[in-house]
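Next come the structures, one after another.
Across the two complexes that follow, subunit A remains constant while its partner is subunit B and subsequently subunit C.
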Partner chain A sequence: MVSAMETAVNPSVRSAVRKYFKNIYQLFYSILEGMAVTFSYLFRRPITIQYPYKLDKPMDEIIPDRFRGILGVDLRYCIACRLCQTTCPIACIAIDLERNPETKERFITRFDIDISKCMFCGLCVEVCSTGTLHHSKIFDGTSRHVENLVLEFVNTPVRPFIKPKSIEDIPVDRSGAITRNKLKDFFDLPKFRLTDEA
Partner chain B sequence: MKAFADKLFLNIFHIQAADSPYLALWYVLMMFLVSFILLNFAALFAGIASYVERRIAARMQNRIGPNLVGPQGILQWLADGLKMFLKEDLVPQTADKFIFRLAPYFVFAGLFGAFVALPFGYGIVAADLNVGIYYILAITSLVVVGIISGGWSSNSKWALFGALRSAAQIISYEIPTGLSLMLVVMLAGSLSTQSIIESQGGWPWEWFVFHSPFTLAGFFIFFISSLAEGNRVPFDLPEAESELVSGFNTEYSGLRFLIYPMAEWANLWVVGAMVTLTYLGGWQIPGVRLETIPSSVLLFLISITIFFIKTLAVVFIVIQLRWTLPRVRVDQMTLICWTYLVPIALICLIGTMIWMLAFPWKSVFGTAIRILMSTVGGSVMIWCMLRARHNYVIDKDRFEKLKGIPAWYPPWKLP
Partner chain C sequence: MKNPAKVNEAIRHLKPQAAPFEEEMSLNFGPQHPSTHGVLNFLVVTDGEVMHQALPNIGYLHRGIEKLAEMTPYSGFMPYTDRVDYLAAMFANQVFAMAVESLAEIEVPKRAEYLRVIVCELNRIASHFIATGALALDLGAVTPFVQWLREREFINDIMEALCGARLTYNYMRIGGVSVDMPGDLPDKILRFLDHFEPIIDEYNRLISNNEIFVKRLADVAVISPIDAVNFGLVGPNLRASGIGIDLRKTLGYSVYPDFDFEVPLGKGFRGALGDAYDRYMVRILEMTQSCRIIRQALEKIPGGEYRANVKKKLKVEENEVYSRVESARGEMGVYLISDGTDRPYRLKIKTGSFTAMSIVEKASQGLMVADLIALIGSLDVVAPEVDR
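Now for the complex of A and B:
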């Protein structure tokens, strides 16, 4: 009888008993709380975009501005520096230049980007000083033949963009912000190229 | 069932079935008909439950879920089944081929056999066995035979691990299941599923859950251990896909593989129906006396509807638990069984005996306790709903600020 009473007041036994019942309480309390959380999700809007089937907005508005889509080239401003070609780690950009032997004029005769190889790292876009090369918001380049994914931007030979006389040198700026600031009037690029001037 | 077959025979052929020479043939025919209906019900439920669970799971994770096959993806389960049909039926070279082929049948027979004794409404049960509960417990134990033989005969480490875990789990959880069912059997004084329901009532305070604190504990013990027996999360250790590749069914493919998940989905109904019929009042209609039900077809239909609603509510909670809780560890799994469920179930068994003697069903105090406990149970449910609403409200403003569209998107609004 005495030993039973001693056990009853033994603090270690008491704490074990308390822990036992606390575990049961916490089991029910935490499960109910967790189920309240999951139940509330039944009434929230799913964030899935059902891409080709149901779109409430055009895809261009859904995609964020800094999206790295398929590369685009605005040949009006290409200075044919070939920085993009040398930067590309997998050599998916091919640029050819030809010189007219009589007039000594240079022409861009080829500006090909192999989208099937491109890994959308964006190094070429970073290095382009005039903003010629840019990411578009297009991402669905499905094709039956892999050759179709080689984008040829030059149809007829184009003369490279020549900088205005008043500028001494081409500014070395990785994002091309200074160049773009100086040549703002000429630009007809998507808006996101012009917003990060500051 | 036999009475129904006799009555049908009389109505069609205008002679007593007992007088007819084709009596045995008629019974065999009816048996085949009933098993055909039951099998199709189980298979349909398994298929549709898989689709519904995927949709609910998707909404709980801010997704949409399968919605392309058929309107709102309702035929997804057919597409999945068809895909499984077209897969090659592979048997590993080193497998014990006979047992490997045999194992899915055990699982199949074990789970679908339980449907024989499960009621669907007033008087609607394939066989109102006088040992119904015992029969269901016994025949669902066949599943573990199938799982162990399937895992062992695959001759694969993962499958064997899964099978051994399953052996440890299902066999140890049989004990709390049986003990917690004993409470109901004592209260009803019968093992038959129909008479267990008949001894309860329609209103919540006439259900066995709220009979006493002991039966409330017994209800939770039964619910938890039937989750464990059905390999549902949080007790899905035998097929823990992050630890064992797929558990005991790793080596299966094609139609043989299909049997395992199908039996698991069908088990959802068995769990729901068992919980409903033992503790939640079954098909009892509130405010309607038992004797008046056979007189009206409408009351029949209402009783079926009530049973289905209760069962589907339990199935929904099982599904919701799966997407709420993480998996328990193996040691925690055995700990829960042997230090919590079994001792508490034993205490509940003795407690219910004393309670039945002290406060009989119709005594004033017993009724008062039942009403009080059902009120408390209802308040807990309302509290849970309010918590869910609170969780929604605190995130609503953030979502709307970010997206600019209303966050309210109830489940009946299909995307």
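Now for the complex of A and C:
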């Protein structure tokens, strides 16, 4: 009786049944395989950094030296060539020079960088011959007002730097302290400027 | 919108010959839907769960980059090219640099070409991470996406150490690259490759061979080879349909002829030729080939200059050129007309995502609504590249 039933089953039906169960087997096998991969991550070291609460090293050491952060200017060494201003594709750098009518001396009266416009492309830093315009490693700067994002580097008018031939390396302060000082103004005293002074 | 007259009214400007269906309903899919990979809008005309058609409606991310080029000096336009395709910025950098170089007849040093190849292939891997990971994410698998993001972080770190930025690199310059590799970078890249190549197998075990995932993609949105050519598909989408056009091989630009690598083609891995799973699998296989190219490039890289001497204020004589590269999303081309000044007269960027959008209307006919996600994800559309 049993053998008669077996012979009666159509071979195509049998293969369909086999395929059905094979599908189910494959489904569960592949899911378990994926789960095994996921499970193995329980025993591996996580690579997550709990920024800013738990850092192995200070942030300045984690960030590579070439990082293009918020721009900084060490005004002591600016020769006022204005190359950065002309190179910037979005014109976020504004430099004003004024000449004292009596002594004929030139002064940098304005060196503003609008970091709300800046796209950190680094073209201005590339053309700076003295290296005074530099990227700091600072990437975090927030303000409640977009007007405050204009960094004004000139407090009192400065004379442009004249590069002596003897000096090879100009000791530009690239530690980011200059930019950090300017950014401090955002947090401490938000400035309200209703009209554009420029 | 249940009124069929209103439906036809709504889609008339998109497709006048749309046949009226009694039970038809039109839905807006996007532009803020997370599965559209940016701001893309689809007008989905459905009858229940089955789509009659999905009509892409682009233009939400238009930024006028081509017009900006006409106002920017040649060297100043490089940062803008980063923004054409934010997942694979190196290719847009390279294609623009190549266009200007061939116009101004600047010879690029060999070392710069090798550096370009290395960063481009790294960028291709990073871009495919997002393509394949986001496809899995859209279909409901979150783990693979997060895992690929972790791997991508290593590439971002490498790029950061190389050029200072993680996504908008602005690394290439007209006549070469901006900076040479730091001394420890080749080791870093090799360490990443050693770590990464076994991860591909692990990833395949995690998701590519997963039966649920395969069932969602296999035999879905099949694009025949003829359609793929007729609709102008490029890159992995074209190769998934079995047509072996890869500009790295067929055009042999830059120093790609120096390397030994294969071009993976779709062959119906788990279903029909040119289905969504083929498009997914081609990208996974391409990563392995990119690793091969990077290894060879790091071995063969010559010393010397990394940047040719180019005038700061570059002026190009009146001429026109079309240059193209094989981007992560297929052929990326720049058509550039110069008029003797220091800025382009006209610049046109051709991208792979834009042509991929054209097939959505045909491939989506008769699909389920949920499979539209699989179609868009498998085409690897990046919205800023569609609109520019």
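The rule is simple: the second predicted complex is superposed on the first by the 120 of 198 C-alpha atoms of A that agree within 3 Å, B and C clash if a C-alpha of one lies under 4 Å from a C-alpha of the other, contacts with A are read in each partner's own complex, and residues count from 1 in each chain.
As a working rule, a residue touches a chain if its C-beta (ideal position, glycine included) is under 8 Å from a C-beta of that chain, and two chains touch if they have at least 3 such contacts.
This is a predicted model, so every value here is computed, not measured.
When the two complexes are overlaid on their common chain A, residue A:Val37 makes contact with subunit B and with subunit C alike.
In the superposition on chain A, A:Pro89 makes contact with subunit C only, not with subunit B. In the superposition on chain A, contact of A:His135 is made with subunit C only, not with subunit B. By the touch criterion stated above, A:Phe21 is placed in contact with neither subunit B nor subunit C.
Look at A:Ile47: by the touch rule set out above, it reaches both subunit B and subunit C. Residues 23, 31, 33-34, 36-38, 47 of subunit A lie in contact with subunit B in one complex and with subunit C in the other.
Put simply, subunit B touches subunit A in their complex at residues 56, 58-64, 67-68, 220, 317, 320-321, 323-325, 339-340, 380, 383-385, 387-392, 395, 399, 403, 405-411, 415. Here subunit A touches subunit C in the complex through residues 23, 26-27, 30-31, 33-34, 36-38, 47, 63-64, 66-68, 87-89, 119-123, 126-127, 135, going by the rule given at the top. Chain contact summary for the complex, subunit C toward subunit A: residues 72-73, 75-80, 82, 143, 150, 153, 157, 160-165, 168, 170, 178-179, 182, 202, 205-207, 209-212, 312. Within the complex formed with subunit B, the residues of subunit A that make contact are 20, 23-24, 28, 31-48, 50, 53-54.
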